[in-house]
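To keep things simple, chains are lettered A, B, C and D as they appear, and every chain counts its residues starting from 1.
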Amino acid sequence: MTVAISAKEIISQLNTKFPGAIEEAGADSVLVKSDSLLAVAEYLKTAEGFKFEYLNYITAVDYYSYFEVVYQITSLESNRSVVLKARSYTRDNPTVPSVTGLWQGADFQEREIYDLMGITFEGHPNLKRIFLWDGFPGYPLRKDFNQ
Amino acid sequence: MKFERYGIGIIKGMAVTIKHLLRHPTVTQFPDQRLNISRRSRGNELIWSREKCTGCATCAKTCPQGAIEIVTSTNMAENKYEVETYRVDTGYCIQCGLCVEACPYDALFMGYSYERAKYRRAELVQSNDELLESPSRPASGYFHPEIAETLPKQTLLVEKIVEKRKKK
Amino acid sequence: MAIFDSALIQPLAMQVTPPDWPGGYWWHWLFFTVAIIAFVLIMVMGAIYLERRGMGRMQSRLGPNRTGPFGLLQPVADAVKVLLKENIVPTTADKIVHWLAPVVAFAPVLVIFAVVPFQNGAMLADLNIGILYVVAVSSIATVGVFMAGWGSGNKYSLLGAMRNVAAVVSYEIPMVLAIVGVVIVSGSLSMNQIVTGQDIPYILVQPLGFLIFFIAACAEINRSPFDLMEADSELTAGFHTEYSGMKFAMFYLVEYAEAIAMSAIIATLFLSGWRGPWLPPWLWFIIKTFVVFFVMVWTRTTLPRVRIDQLMGLAWKFLFPLALINLFVTAIQVVVWPDISQWIFVIVNIAIAAVLILLWSKFFKLGQGRVEV
Amino acid sequence: MTTTRELTLKTEPFVLNIGPVHPSTHGVYRMRCTLDGEVVVDIEPVFGYLHRGIEKLAEERTYTGFIPLTDRLDYISPMSNNLGYCMAVEKLAGIKVPERAEYIRVIMAELQRLANHCIAVGSMLNDAGAYFTPFMYTFRERERIVDLFDMVCGQRLTYNYMRIGGVSQDIPGEFLPALHKLVDRLTIFIEEYENLLKLNEILLARAKGVGILEKDTAINCGISGPVARASGIKWDIRRNDPYSIYDRFEFDIPTCENGDCYDRYRVRIEEMRQSLRILQQAMKQVPKGPVKADVPHLIRPPAGEAYAHIEAPKGELGYYIVSDNSIAPYRCHIRPTSLINLAALRQMVKGWKVADLIIIFGSIDITMGEVDR
């Protein structure tokens, strides 16, 4: 059974490793500051005892005051998973670092989020619109998208 | 020893196809031979019962496509709602059957008929009397088990091995 | 069948000389030209019907059964439909080449039938180099196919045409070597004499040769599993992607006429042509042609398509050495033991063929083939 | 066996546009391929031809009203889509599903897996070039399965059968006997189908060792489902994160080592066998009882978020739903199995030929409805 790893378990380790990187720790999710997301993700992917090498999905939610990007990563060996979250508090040009370098599977999903939610992923090699055409006005999944 | 590379696989495959040459084909020639469709078939058109409908508009609220339009007025004399217009845009309808499930008064049925294509888009918008049940548009047993029992049994491909297929 | 009877009494050594018809050569040529064209068209219709119905039944469907009794008129209906279609020429096409290609592809196929004996001596021209003529003429159709691929100005067409040229050039060699085996045994290049010499069908005397010839013939006329030129799942329709209407009909005709021609040649070379008991010879010939064609339909229904490099590998690494060995073995048999009953060779050759195929199958490997880019 | 580029002639690369309208792109997928002769140098996938904005539509529909739209995601396996979505909402609202409904759901999901693999295997082999025969056979069996879906829910493609808290209607009385017959029939069918192409030499040459997906790449790309299992990742959500009542059944997770096209085909066939095993166990145990929990039609789950994932036929299908305690989801993200499985396509096809590109693409088994959403 994929045990959602309790955030408390890793929060202490992450706090010692990356002081100040954790914004908030929920019941089964860890909210990471977006500028330290890459470092935390890489640590979780490679560090012994974690090995979260499988990226289930990336998605983004528009909460009006901020955008939240959600990553669920799973360790296939220990059968545990954890949800990472990163927030971007601007609406004009929200940016989150790209994790394509860590997980290749993030490529299309980040492009999709960029296309539909308008979040720029810094460091993405090919950040173009994926479903809609170039020059499509607005980002449809944003809550203030006007049809 | 595996006979993987001496043409054995090819010969085996060719035996399968030649066996099929002698079997009866599975297909049905549609306009001539018709199989019985499912008793719960969600057919082309919605069927509405004027008597049972109270105008509560649950169906309209449920419809994910917003294809149902219902206009009611109050009949003060009998103290109930009177349905003035019941209009379904079957062009938008996706035959999901949620309206039939939601109807608290069993006033809606899915259609059992098929081949109900129309020549004009405007004809797809049906209202009031066009929606009533008629011999050409029977009601299906979807969510109405009492109707399902009266309908003919569905032809199952797995049961009906083709030989007995009769021409209608 | 009175007209054929006069042909029957002809001496076997007549070579190029047409039979002694009332009115001379010209009547003979006129009759057989008309007969061949009619034969090809009718056989193609039969072939299309057989293929579509047979394939349908093998795929547990019915196949066309609406037009005429048992759907027999379906090819006619198809022909009428396709002839009434608009003729579209792409703007990027090379107009002249695009127009000329179907003609270039179609003509040689008809010409092949000039030397195919429908009955003893019943043929347009009993060339003493008949089989050589077939080999020479049948490759001309490739030029038409390449013209179609090039002239269409479509990348799919070009890819298909290139594949076709590569395949035909490669498969000519094992095909000719397989034919040479037959020629050595029969001692003649004339199609009619090859048939008259076949007391035992050469499929038994030359089992390996038959296999090689059949595979090579399939590859040359784009029949599955070697239908790379029009691979519908890869190249949509290959070289005739951009063809419509009458010109497409020509290509369709070529495809089936080629298949019929190859079936006829296989029937002649390996299945003892028009010879057979009870039935009239021409009927035997048609039956054998259709049997061979049915095998082609059968393989088409069952087998997946090979890849282009595997196609080449099969020709050069599998068929070519086997054809050479077959040729040597046959030559030795004919030269060293010319008087032994052929039945002994039948047994020996079948054994040799089985051993060779098993041996080669063990070492020959297809697959892989990734190129580092 | 890889040959280096230096050994061959230098050629000019050209761009071939495969799709969006092409017989083997399984919908409206488009690949802009750079070819060097026949060799694929690079591909650039282009999506979006079927984008309907389903995630946005979900925000404008009620929780129940979105179920019919999930049918339209992966239209080859709508039951699994229904199941995944309903499970996500149940997780969000904390609804307990009745026992009988769970069994019906499992039966439907496994039948759906059979139906999906029928299409996946059939169309992959059809892409390999066997002229529609494997496709016809599997499609015939799919029709038999779809008959049962038709019986329970009245539609043959867009089932809309699962509901939040159960299923829409109880199965009719004739369902279980028909299921018994179907399971028997499919067991026979799979054996016969194995004879058709399992050891076919041409298929082995075409598919074995072709389009290898390494295990590390597969994990890194987030590949799931049969494609991942063919690469040797023993990962099945039915076993690793048992949902519904899958922990009550005995079944194996078939895996292969090489991760080539042939392994993907083998894994799918084995999974069909395992699905039949689950069905055999499940149909004996179906208990009596209600089939739907008492859930209001306009359900308002408490504010929060939930991610539920199931092992859909194509891989991990997940729904991430955020609720704000209204009648409609605040955000509904669908983890698109097909889109994520395509992430490794570029690495898989590089250096292979056009024909391989088609079969590799076919072996991944995608549905454009799910890729573009």
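Keep this in mind: a residue touches a chain if its C-beta (ideal position, glycine included) is under 8 Å from a C-beta of that chain, and two chains touch if they have at least 3 such contacts.
Since we're looking at a predicted model, the values are computed, not measured.
Between the interfaces A-D and B-C, more contacting C-beta pairs are found at A-D. With centres set at the average Cα position, the gap from subunit A to subunit D is 25 Å. Taking the mean of the C-alpha atoms as each chain's centre, subunit A and subunit C sit 62 Å apart.
Subunit B and subunit C have Cα centroids lying 51 Å from one another.
One inter-chain figure worth recording: subunit A and subunit B are separated by 44 Å, centre to centre, where each centre is the mean of the chain's CA atoms. Annotation for subunit B: residues touching 2 or more other chains are 5, 7, 10, 13, 16-17, 26. In subunit A, no position touches at least two other chains. Contact of a single residue of subunit C with at least two other chains is seen at positions 58-61, 301-303. In terms of which chains touch, the assembly is arranged in some other way, matching none of the line, ring, star or all-to-all patterns. Residues 54, 56-62, 65, 298-299, 301-303, 357-358, 361-362, 364-365 of subunit C touch subunit B in their complex. Only residues 61-62, 64-69, 133, 140, 143-144, 147-148, 150-155, 158, 160, 168-169, 172, 174, 178, 181-182, 185, 192, 195-204, 297-298 of subunit D touch subunit B when the two sit together in their complex. Subunit C makes touch with subunit D in their complex at residues 55, 58-61, 155-156, 159, 224-225, 227-228, 231-236, 300-310, 366-373. Listed in rising order, the residues of subunit B touching subunit D in the complex are 3-5, 7-10, 12-13, 15-17, 26, 37-42, 58, 61-64, 94-98, 101-102, 110, 140, 142-143, 148, 153-154, 156-159. Every residue of subunit D that touches subunit A in the complex is listed here, in rising order: 47-48, 51, 53, 55-56, 217, 219-223, 233, 235, 237, 240-242, 305, 307, 309, 316, 318, 320, 322, 330-331, 333, 335, 339-340, 342-344, 372-373.
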